[in-house]
Amino acid sequence: MFRFLVRRLLQAIPTLFILSILIFAWLRSLPGGPAAALLGDKATPEKIANLNHVLGLDQPIILQYFGFLGRAFTGDFGNSLVSTQPVMGEIITFLPATIELGLSAMIIAIVVGIPAGYLSARFRGGPVDNLVIVLSLIGVAVPVFFLGYMMQDLLASPLGLPSQGRQAAGLDATAITNFAILDGIMTGEWDAVWDAIKHLILPAFALATIPLAVITRITRASVLDVLNEDFVRTANSKGLTQQVVRTRHVLRNGLLPVVTTIGLQTGALLGGAVLTERVFNFRGLGFLLAEGIERRDYPRLQALLLFGAVVYVLVNMLVDVSYGIIDPRVRVR
Amino acid sequence: MNTLLNKKKEPIDKLAAASGRSLGGEALRRMLRSPVAITGGAITGLFLLLAIFAPLLAPKDPLDRTLQDQVQLGRGIIPGSMPGYPLGVDDFGRDFLSRLIVGAQQTLLVGVLATVIGVLIGVLIGGIAGAFGGWVDTVLMRLVDVMLSFPSLLLAISIAALFANPSQWTVILAVSMVGVPIFARLLRGSMLVQRDADHVLAATSLGVKRGAIVFRHMLPNSLGPVIVQATLTLATSILEAAALSFLGLGDPDPSRAEWGLMLGKASRQFLDIRPELAYYPAIAIIIVALGFTLLGESLREALDPKNRR
Amino acid sequence: MALLEVRDLTVDFVRRGERPFTAVDKVSFDVEPGQTVGLVGESGCGKSVTSLAIMRLLARRGNKVSGSVRFEGTDLLTLSDRDMRDRRGRDLGMVFQDPLSSLNPVIPIGLQITEVLERHRGMSRKAASVEATDLLDKVGIPDPARRLSEYPHQLSGGMRQRALIAIALACRPRLLIADEPTTALDVTIQAQILALLRELVQDTGTALIMITHDLGVVAGLCDEVNVLYGGKIVERAERHQLFGEPRHPYTHGLLASIPRLDAGRGEKLVPIRGSVADNIPWDGGCAFAPRCPNALPVCREVSPQLVPDHGGLLRCHNPVRPAVVAGGGAR
């Protein structure tokens, strides 16, 4: 079991390694050359020459790469052109916001998606099934940012929910961890906690749409497959209660592909967060990235793109590992 | 005795006819019976017709900015519906309806090109990996893995950001890269399964050359899943392109009519003034994306050999 | 009163846009306590569907079941789902054909046994585990305590089938239905499993319905045999009668087609010509007529009835006369 874990970890390393090379290559391919890109508007010929030296652009490419790698490991991605603050610092500050948003969205997707998919499969062909299928198909066809704007326009006022931002000006929780909800709980500022939650609702639902649709569909397909399996028939032949058959036999097997899907959908979340945070002015990493794109803030872009990819790789590795925990057949390999 | 022979012939004929039906023919039959397939096919068909005949169908010239002076962005005025302009004008005083109709063409172009490029490159990589195996396979698949380790929108953003001057083509290229690893994986997987399949082993043992095996025996069998995925990718390509436009990586040329572009711009600038400028392209995109998705999913069901009876 | 009385059991499969297909056509038979009854026939003759119908394990939709299945006096077909669930596992057990796909791959074998014990005998997990170990031992699995925590993919095919048998017999049901339990196994393992089944039903006095297409299996195990064709019973006979003097041409053909070790060189194999696809429906005559060497013109017009014959039952216009049996038949 432990060996399996270690093996999966080691398998991730070459991927991360190649990833770093690609980001490095990407940086070098930026318009105008990396130095000009990293300096942006403030580029003057001497500053460019300076930066070139710092980046070691006059050195053989291998050394440049290791220089880049070294800087990456120490978290030195330069300063953001927009905020003039160190990019790494920005990431640390705004990461919790995106985690709150992403986690909420994923929870919504799972809590709604899995039962919906199960019921859809269980009552196949019925009205519930048809409704669920239609909704899940529409769900992946709607542009996320448009959905966000629609929710702002149509739902914010009627539901009494804020349409922008993360915390209302006077109600922000004293920042300790930068997890607004956690901070609020820790300092007992309950109004801040409630306010933070209210700000999360609309963006979280908008962000959750695509993962929700996909999880529902995969759950449905998987449960349908399992319901036809021989061992479900055996379980019924043993006279087990419907409850036991459902949980121990159908779901335990039916949810396996869903675990993988959850991992893959974090990718959709990472991408969607960029759009959603921009629409709702929710200051997290996605917002930073969107702003960075608009303002050609390459230091920020470089760091965030690398960060996003690394997170995705790690999450999928985690998914693989948990798959090994729940499916004993996989462990043998 | 005669009657016995005749009686025997019938069921045998029936059997022969039944097994002689091609997978494609059966798939088509199954699809014609499925409401999902019909809906998807209808939407897709209408969209294609619209896209092809767009310039003929548009009532006015989409580039004609005659009513530009009626637009006062500073005061938040963009004229809505009026005689001759059923949907009003856009921010440049052009007939919105005409822009929408012509937009079908550009949108289709974006979707098709992005998908085709993704398929060509992906199939090439996956095919080589699958056909040769060994270290070629390992190296190529590692590369594909890394591409897959990027969340798709972030990958598209990375590629698009490489270009100093964004345009329709940079968007198409960026979005196509999202599809490359998907098709590569798909084809390689299919080739891997077939490498050990009986029909391939039989061909090899008969001395058929490797190239012929790949092209005549393996690729045709992989076609089905690729077509299904291509249909689905068409839908997601349009959506991703719209997202890139929204983020500012789209074509800055204001004369280009493409639904994603129109949506992106309108979402950011005109939602308070004239939300229709965003709603209509959005609805158009949703319907088209839905159409292709329905078509693709029903194709997948129809081509699934497990459904054969 | 017999333990199980099946009367006019009929199963029709209905699919959207197609004609209904009658898989089981007014099948009736009895099973006495402790008796072993065989249901024999080729694939597609309806034997498996019969057993699934008895256990009410057919899909919820797409089929219509009629007739009656009286188990210890109660018609199972009229029970509510909950009542039927109470009886399954406790009064009736079933063993299926493919032991790998019939076991839940992600939970240990032990749990798959203990859950039946917990459900029907109210045992605690601990007590059930002890009993489960005992059961695995009884079915001949070595080192049973260790096996409890193993997963199905870790066991061999034969052991999996033994485990399935243990599961089916865990609560000591009065009736066990075995649907082709050895078909998916190697020949040597087949013999072991059959011997195990025979021993177990003898020890526990369980009645057994043995479903198979293999007459060899039937010969060693069954007291009484029902031969099915096209969803109907075409012959019923006590074991020795069936093998000594098969009366229905189909039964006769099945026996004659078994390759024999003591046949002379050059002696041809005698197959039954044609296949199940050549059937004509029972309402137009005898379904077997197109393939029957004894077919008379009347066989294609009038459907034969099941009538008593030599202590058993026979559905044939022109049965095989004992004098006609030349060199064939099992000994």
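Labels A, B and C are assigned to the chains in the order they are written; within every chain, residues are numbered from 1.
Keep in mind that, in the parts below, a residue touches a chain if its C-beta (ideal position, glycine included) is under 8 Å from a C-beta of that chain, and two chains touch if they have at least 3 such contacts.
On a predicted model such as this, the values are computed, not experimentally measured, just so you know.
*Asks:* Counting C-beta pairs in contact, which chain pair has more, A-C or A-B?
*Replies:* A-B
*Asks:* Suppose chain centres are the mean of their C-alpha atoms. Which chain sits farthest from subunit B?
*Replies:* Relative to subunit B, the chain with the farthest C-alpha centre is C.
*Asks:* Can you give the whole-Å distance between the Cα centres of subunit A and subunit C?
*Replies:* From the centre of subunit A to the centre of subunit C is 54 Å.
*Asks:* Let me have the rounded angstrom distance from the C-alpha centre of subunit A over to the C-alpha centre of subunit B, please.
*Replies:* 25
*Asks:* Which stretch or stretches of subunit A touch subunit C in the complex?
*Replies:* Touching subunit C: residues 229-231, 233-242, 244, 248-249, 252-253, 256, 326-329, 332 of subunit A.
*Asks:* Show which residues of subunit C lie in contact with subunit A when the two form their complex.
*Replies:* 55, 57, 81, 84-90, 93-94, 96, 98, 101-107, 111, 115-116, 119-120, 151, 153, 164, 167-168
*Asks:* Which of the residues in subunit B end up touching subunit A in this complex?
*Replies:* On the subunit B side, the touching residues are 142-143, 145-146, 149-154, 157-158, 161-164, 235-236, 239, 242-243, 246-249, 263-264, 267, 271, 275, 278, 282, 285-287, 289-290, 293-294, 297.
*Asks:* In the complex, go through subunit A and note every residue touching subunit B.
*Replies:* 14-15, 18-19, 22, 26, 29-32, 137-138, 140-146, 149, 153, 266-272, 274-275, 278-279, 289-290, 293-294, 298, 301, 305, 308-309, 312-313, 316
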